[in-house]
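See structure below.
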Amino acid sequence: MLETIVVPLAKIVVLLNAVLVAVTFLVLMERKVIAWAQSRLGPMRVGPYGILQAIADPIKLILKEDITPRKADKYVFTLAPIMSLVPALVVFAVVPFGPDPFYYLSDINVGLLFIISVTSIGVYGIILGGWASNSKYPLLASLRASAQLISYEIAVTMTLVSVILTTGTLSLVGIVEAQREGGLWFAFVQPVALMLVFIGGLAETNRAPFDLPEAETELTGGFHTEYSGMRFSLFFLAEYANMIVISAIVVIMFFGGWLQPFPNVPALAFLGFVPPWIWFIGKIFLFLYVFIWIRATLPRYRYDQLMALGWKVLIPVAIGNLVVTGILKVAL
Amino acid sequence: MADETKSQSGQDGADSRPRAAGAGSKVAEKPAAAGKPAAEAAARKPAPKPRPKPKPKAPPEPPKAPEDQAPPDGMELPKMVTAVQAGAPGAVQQVSYWVGDWTVIVAVDRLLDVMRFLRDDDSTSFDYCSDVTAADWPPREKRFDVVYCLYSTRLRHRLRVKVRVGEQDPVESVTQLWPAADWLEREVYDQFGIDIVNHPDLRRILMPEQWQGYPQRKDYPLEGPGELLMENPQDWLRVRNLPDEAGAGADADVEIE
Amino acid sequence: MTLEAPRASTTQFDTDELVINMGPQHPSTHGVLRVVLKLDGERVIDADCVIGYIHRGIEKLSENRDWTQIILLTDRMDYVAAATNNLGYCQTVEKLMQIEVPRRARYLRTVLAELQRIASHCLWLGTHAMDIGAMTVLLYAFREREFVLDLFEEFCGARLTYNSMRIGGLPLDIPPGWDKKVLSFCDLMEGKLNDYETLLTNNRIWLKRTRDVGVISGDEAIGLGLCGPPLRGSGVPRDVRKDEPYAAYDELEFNVPLGTRGDTYDRYLIRMDEFRESIRLVRQAVEGIPEGPIMGKVPRLIKPPAGETYHAIESPKGELGYFIVSDGKSTNPYRFRVRPPSFCNLQGLKRLVTGHLVADVVALIGTIDIVLGEVDR
Amino acid sequence: MAEAIVFWTLAVLILGLGIAVISARSAVHSVLFLVVNFLLVAVLYVTLNAEFVAVIQVLVYAGGIVVLYLFVVMLVNLKKAPERYADPRRVPWTGTLLAGAVLAEVIAIGVYSTVSSDGAAATGGGLGADTPFSDCGSLVSCNTEQLGWVLYTSYLIPFELASMLLLVAMIGAIVLAKRHL
C-alpha cells in the first residue's frame, strides 16, 4: 500500500509543485536576464531585487477577470489551456532526477517515446485555443503553431532515433547509464544531433527566434490573444514548463543527466560531493539561460523561412545523421 | 481561406472603425447642409439642458482674389516655363513668380496635356509629384485653386502648376502620370470637395467615410458638426446607430471620455 | 471517377481570401494606422491603408492662428522630430517675408535638425528591429535617444514638443557648455552605432528578414512619390539638403548614402549611414558655430506680403514641404498646407506589401518609418 | 478481476466516445472526441503490456494524424456541407449493408480465434527460442526489442510492402493536391 500508492502520490505532489514553482521563478529569471542584457534592472519593486515578483505575478493572474469572448466556443475555449498544460506536466513522470528509483516516478522502457508522444499532445491546446477564440489573429497563429510543431517534431524525433541507435535503449535511465559506462557525454559523440535537438526544441517550445505563433508584433499575441486571467496563465505555465522539459531532454540525452562532468576521470572525482540531482537541475538551468539569452539577441524568423529551415535543413540533416550513425554502429 | 468559418468573428473589414465612423455616419443622416450644421444640431438638442447656442464664428472676410504676382519686368522666363508655353500652346494662362518660385496657371481642360508635356519633355522632365493641394477663395466664381508642386529629380528644378476651378468643375486626375498623386488627390477631394475625375479610388481619406461637408473650405465652421455631437453625450447616444444594450448610459460615459 | 473529379470538388471548397484588420490597435502599426489586408493563406494580395484616426485638422487650425502660434502646432505633426517641423515652417515664412537669418542661427538650426534626425532614427531603429523580433535593439536605441532628448531639454526646456525655433532665428542662445556636451554625445553615439550594427547588420536572421523584402526600383519609387530614405534606398540621389540647401548645409560637408537594390535591408543600411553622416554634420556645425546674433531683423508684427510659396526641407522621414499662402492682410496664413513625408511614403505601402507575407507587412511598415501624427495631421 | 473492470470501463468509454464522434454537431468537437478515443485505446494497449504500441498510438494517431484532421476541419466550412453535397442517388441501406458486413467479419474473426486452438501461437508470430531476447524475464521489460525483432525477421516483406504502400499513397496525395508541380 505504502509502496504502491502513498509514496508515488507524495512524489507526484512534490514534483508538480516543484515544477510550477520553478516555472514562476523561471519567468522572473527570464525578465531579469533579458533586463541585464538590455542594460535595465528588470523587476525591482516586489521584495529584495524583485524576487517576490515570481509570487506577485501568479497572484495577479489568478485575481484577474477571466473573460470568455461571447462568440467563442466555450467548452473548447476552456479546455484548450488545460490541454496545453497537462502534457507538459505529465512528461515529468519519466524524467529521472538521479540514479536510483527514489529520484524518479517511473522508469518505463519506452521513456523517450513517452515524452515525445505526450508533448505531441500539447499542440492541441494551441490549435484549439486559436480556433475556439473565434477571432482571426489567433486562428492564423494556431495554424502557424500546428504546422510548426508538427514539422519540428519530425526533425527532433528523427534525431533522437540516432541517439537511441547509440544507446540501444529507450529508457531515460538507461540512456544516462550508457553515458556513464561510455565515460563520455553524448554531446561529444553526437554533436550534430545535439544542435538539431536544441534548435528543434527552441521551435517546439515556440521560443525566439521561432516564436511565430505568439509573435506579438505581428499577430498581436498569437493564439492566446483572447485569453485572460487564469486561463492565459495556464498557457504561460505550459510554455515555460515545456522549456524545462526540452532542457531536461537535452541534458539527459547529451549532457549525462545527473552525472558529474567526466564521470570516469579520477582527477575530477571530487565533483561527486555534489548530489546528482543538483547536477541535473543545474544543467537544466544552464540551458534555460541559453534559451533566454537567445531570445534577447536574435530577431524572429518569418513563417516560410521557418518551415524551409525545418523541412529543407533540419530533417535532411537529421536523416543524414541517422544514416551515418547506423553505418558507424554496424562498422565499429 | 478561413473566413468562411470565421466570418462571424466581427473583425471584418467594414465594421471596425467604431468611434469615428459611428459618429460620422450619424452626421450623415442629418439633412444639414454642409455650411450650417452647427446651428442645426444645436436646434435639435433636447430641452432639459439648454446649452448656449454655439455661434459659429463668421469666417473673416476673404480677399477677393488670390495674389499671383507677375514676374518683375525684364526678368527672363526660365527654360521650363518657355518650354511648356511652346509645348502646349495656349494652355498657360498666366505665369507667376514670387520669392523664387515659378508658377504657371493653366486652363483646367488642358491640364493633362500640360502635365504630360511637363513630365515627358526633356527640358522639363518633372518626374516627381511633390504635392497636390488646393486653396479656397469663396467669393470668386472659380473658387478653388488646385496646386500641383512638381519637381525634377534629374534637372533638380521645381515648378508649380495651378488650375482654377469652380465648385462643380471636374478636374482630371493626374494619377495616370504620377501614381504619387493618388492619396494627395484623395485628400483634395476629402478636404475641399473638388471633383476629381478618372481617379482610380476616390474616397475620403482623412475624414470618416460618411462625413458631411469639406473641412478645408473657408465656409466650413471651425467648430464642426461632429465635435458638436461629441460634446453632448445625450445627443450623441440618441443618434448613435449601435444596438442600445443595457447599461448603455454607463457605457457611454466611458466612450465619451 | 476520373482524376479531374477531386479537383472539381476542391474548387468548390476553395475558400475566399481572409480579410484581416491590422490596426488601428496593433503593436506594429506605429500608432493608429489601420491596414486592411486581404490574405491568401499568409500572402498579402491586397492592402488598403485607412488613416485619419488622429486627424486634428492642423492645417485648418493653423489658418486660424497667427504666424508665431503655428510653430507650436507644427510640433504636433511629426512628434518624434518636432525641431525639423519647426525649422521647415520658420524657413517657409522667412522665405515669404524674405528675412535674412543670421549665420549663427543657421548653424544652430542645423545642429538641432541633425540631432533630431539622430533621435528620430533611433526611434525608427528600435521599433523596426522590435517589429522583426530583435527586442534588445529597441532598448539600446531608446537609451541613446534619451541623450538627445536631454540635450534638447537643456536647450529649450522640453523633451518632445520643443517649439524651438522662431521666425527669423532662434528664441534662445545655447546654454554655456552645451556644445561640448553635444560633441561628447557624438563620440558616444558613434560607439553605440557599432553596437547596433553588431546585433543586426550581419545577423543572418536579420538578413533573411530584410533582404529582397519590399524591393522597389528607383523609377517606381519616384513615381510613387516616395521620399527620404525609401527613395534613396532605391538608388535615387535625392536629398533636399543637397539639392536645395537650406540652413547651413551648403557650408558643411556630408554624403548622401544611396542603396542599390531598393529592399528593406538597403533602407536599413542607409539610415545607419545617415546616423554617421548626421554625427559628422553635428560635429562640423558645432565646431563651426560663428559668433553673432541669433535673431534676424523681424518686424514686430509678422504679416508677410500677399503671395504664396512652397518650401521643402529634408526631415528624417523625407521631403517635408510647406505650402503657405498669405493674403497680406490678416495675421494668419490664408492657406497652410503641409506636404507630410510619412503620408507620401505610406502611400507606397500597398505596392510594397503586395505579394509578401503578413510578417513582412510589419517589417515594411517599419522600413518606411511613419509617424501617424504627421500622416493624419 | 481488476483487469476486467478496467477493460470493461475502457470498452464502454471507447464505444461511447466513438458514438460521440459521429453524433457531435460541431466537427471540431468530433475530432476532440476522436482524440480522447485514441488516448483511451492507448490505455487499453498498456493494460495488454504493449507499451510500445500504446506510445506509438498516441504519437502517430493522437499527436499526428488527428492534428491534420483538425487542420482540415478548421479550414473548411462544414456547416453548409450536407446540403451542398447531398447526393440524391444515396441509398440509405447501402451503409447498413456495409456496416453489417464489417460486423460479420469482426465476429467471424473473433469466433475463429477462440475456436482455433493454436490461435495464440499464430498471433505470437515467429518469436521462437532462437531470438536474442529469450533471456528477457518477461514480455514487459523488452517488448520493444521483441517487436523490432519480429518486424524485421518474420514480417520483413509485409513491413516493407506496407511502407512502400504508404510512400505511394503519399506521392499520390501530393500529385492530386498540387495543381502544377
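Each chain carries a letter (A, B, C and D) given by its place in the written order, and its residues are counted from 1.
As a convention for this text, a contact is a pair of C-beta atoms (placed from the backbone, for glycine too) under 8 Å apart; a residue touches a chain by one contact, two chains touch by 3 or more.
What you see is a predicted model, and the numbers here were worked out from it, not measured in a lab.
Of the two chain pairs examined here, B-C and A-D, it is B-C that is joined by more C-beta pairs in contact. Taking the CA centroid of chain D as reference, the farthest chain centroid is that of B. Centroids built from CA atoms put chain D at 68 Å from chain B.
Chain B and chain C have Cα centroids separated by 23 Å. Distance from the chain A centre to the chain D centre is 29 Å, each centre being the mean of its Cα atoms. Each chain gets a centre from the mean of its Cα atoms; for chain A and chain C, those two points are 43 Å apart. For chain A, residues touching at least two other chains, in rising order: 136, 139-140, 143.
Under the contact definition stated at the top, the residues of chain D that touch 2 or more other chains are 74-77. In chain C, the residues touching two or more other chains are 15, 18, 20. Across the complex, chain A is touched by residues 26, 28-29, 32, 35, 39, 51-52, 55-56, 58-59, 62-64, 67-68, 70-71, 74-75, 140-144 of chain D. On the chain A side of its complex with chain C, the touching residues are 34, 37-40, 136-137, 140, 144, 208-209, 211-212, 215-220, 296-305. Interface residues of chain C, counted against chain B in their complex, comprise 15-21, 24, 34, 36, 39-41, 50-53, 55, 57, 59-60, 64, 95-96, 98, 219, 222-225, 236-238, 243-244, 306-310, 312, 319, 321, 323, 325, 327-330, 334-335, 337, 339, 343-344, 346-347, 376-377.
Taken in their complex, chain B has these residues touching chain C: 1-4, 6, 11-13, 16-17, 20, 60, 62-63, 66-67, 69, 98-101, 103, 127-131, 133, 135-136, 147, 149, 153, 156, 158, 160, 178-184, 191, 204-208, 215-216, 220, 222. Residues 18, 20, 26-28, 42, 129-136, 139-140, 143, 199-200, 203, 205-206, 208-209, 357-362 of chain C are the ones that touch chain A when the two sit in their complex.
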